[in-house]
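Across the two complexes that follow, chain A remains constant while its partner is chain B and subsequently chain C.
Then we have the complex of A and B:
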């Protein structure tokens, strides 16, 4: 498997370009959107729960999380193994990043699904 | 032990053969990348608080300064704007890297007639100017969002 993940790094990067800019626009450019659509408040509790109950949005966000974590951790690994320290402990770093990635993905998925169910 | 040949972080700021503009974009790309993955790790836990009820969500939003007033809130909002810029830079520069990697926009080879400007050298530059304008628009939109609109 080693030496093939860079393809996924590029593919996830391309997908993240769309997802992440969409996310930024939806969540952080909301005053601008408010002018187009009065009453739009993404950070209010009611709006948060409404989004959490939207199954297709939740599905997209779980994939978003997966791509973002892979892309980010793979990139960080690439940076680290270009140092003498990282080169020496490459296998350890890869192993550690898999663990971190799985924990973050599990927690993120758990809260995303639970928020929609508990509403 | 083999000769140590990895310059690591030093090479970002002191490139061995000098640096052109794209080389500094590389350095910025890596710095913003590190910031983004660290932010994402925290972000997962911060927005994860909504799974534990309304109280938990509002308390966390207050704790991180996302809602509220005063100096702390303004500071957080400013940092958030910088983060949004980091996202924009990383995304737009990443698009350039993808285009470069797959050899799009290089143009067709042709007979070098005087005055010859290779399209493979010219087109990526033109695209870079386009992306800089795109980033500038994004920068202005974000500035309006964070500091001008209320």
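Then we have the complex of A and C:
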């Protein structure tokens, strides 16, 4: 069905909202909201590498990347398509954004997995 | 009292494109259409306008009056006049034929695409109807307000998406799609949702709501579009199955003819 990407766009927006809330709490409000071990700094090298070794967190990172890329690129594609430069332009934009999305996803996934072995 | 009418002129043959000024003697109860017809009959016969019913039903005389989309036959001059002037322009977002006459054919082409009619499997009943299809008052209320649309195109004139994207399905077309999707007699909901969910379809609506503000008949196309999105969501999650249209009303039982009412003559057509 043709509308399924639109539906996925809405769903990915909702998921990103939840994941971004989690990100903000974990990275910026941790002192107030989470009673972690004393002296814990989430932005320090050791903490970042520690998280990169956690399989559950790495899985979340990859899904975060996937949803963010899809949501952003699909939204941008829709804005560009509304400029109405014709069907050929539309097909070109869709093809270009698929390529950009796949490259960025592959690069992001590689970096996330590789970071786990860096420590 | 004289009122100055600033009328947008566009004559492709002569290359004329700009505003003309006309002074019209105001009379009580005068509508903008009355004033335009006065101009056409007494001042400038070359003025191009489109109208038909003069009572807000046909939707032919939609135009921009002092910056607002209105039906000319439905708009009292005394209600819109500002500093003794009324400015009249054609509907934007549609190709212009001449002066105040837009070309509505692109809008009707899109309307055709969404199959604005009852789709059913019982072709025999459609071709040779025996009785009416059953429909409860509650089922009627599901789509009633959207059936008041007169296809005047004023919703298109105030739609920001229609102004940039000429392939966009347009508010009234999507509202009509919803109107038929929720009609209890219809069986073509899945077919129609497939059409409206494609590119430049229902999801391209930004929900600015201008269409609902502009509608002279009180239809709320923005609401219909949001409800249509909901139907597409349901379809994507497999929650919407092809519905069976309501059946034909059974014939009334023949009672005793106490008052000796004669039988209806046989059908002539």
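Throughout what follows, the second predicted complex is superposed on the first by the 100 of 119 C-alpha atoms of A that agree within 3 Å, B and C clash if a C-alpha of one lies under 4 Å from a C-alpha of the other, contacts with A are read in each partner's own complex, and residues count from 1 in each chain.
In this text, contacts are C-beta pairs under 8 Å (C-beta built on N, C-alpha and C of every residue); 3 or more make two chains touch, one makes a residue touch a chain.
Only a predicted model underlies this, so the values are computations on that prediction, with no experimental measurement involved.
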**OP:** May I ask you to decide whether A:84 touches chain B, chain C, both, or neither, giving the answer as first, second, both or neither?
**Re:** both
Subject >> Dominant toucher of chain A (residue count), chain B or chain C >> reply: B
Original post:
Just chain B (first), just chain C (second), both, or neither: which does A:3 touch?
Top reply: second
Subject >> Touched partner set for A:57, first chain B, second chain C, both or neither >> reply: neither
**OP:** Figure out whether A:115 sits in contact with chain B (first) or chain C (second), or with both, or with neither.
**Re:** first
Subject >> Residues of chain A at both interfaces, chain B in one complex, chain C in the other >> reply: 10, 82-84
Subject >> Complex contact set, residues of chain B against chain A >> reply: 4, 6, 8-9, 11, 30, 33-34, 36-37, 40-41, 44-45, 47-51, 53-54, 57-58, 61, 66-67, 80, 84, 87-88, 91, 94-95, 97-98, 101, 141-142, 144-145, 149-150
**OP:** Note which residues of chain A are touching chain C in the complex, please.
**Re:** 1-4, 6-7, 9-10, 78, 81-84, 90
Original post:
Contact residues on chain A for chain B in the complex?
Top reply: 10, 13-14, 16-17, 20-21, 24, 28-32, 34-35, 43, 45, 48-49, 52, 65, 68-69, 72-73, 75-76, 79, 82-87, 100, 104, 107-108, 110-112, 114-115, 118
**OP:** Sort out for me which residues of chain C touch chain A in the complex.
**Re:** 161, 164-168, 193-194, 197-204, 232-233, 235-237
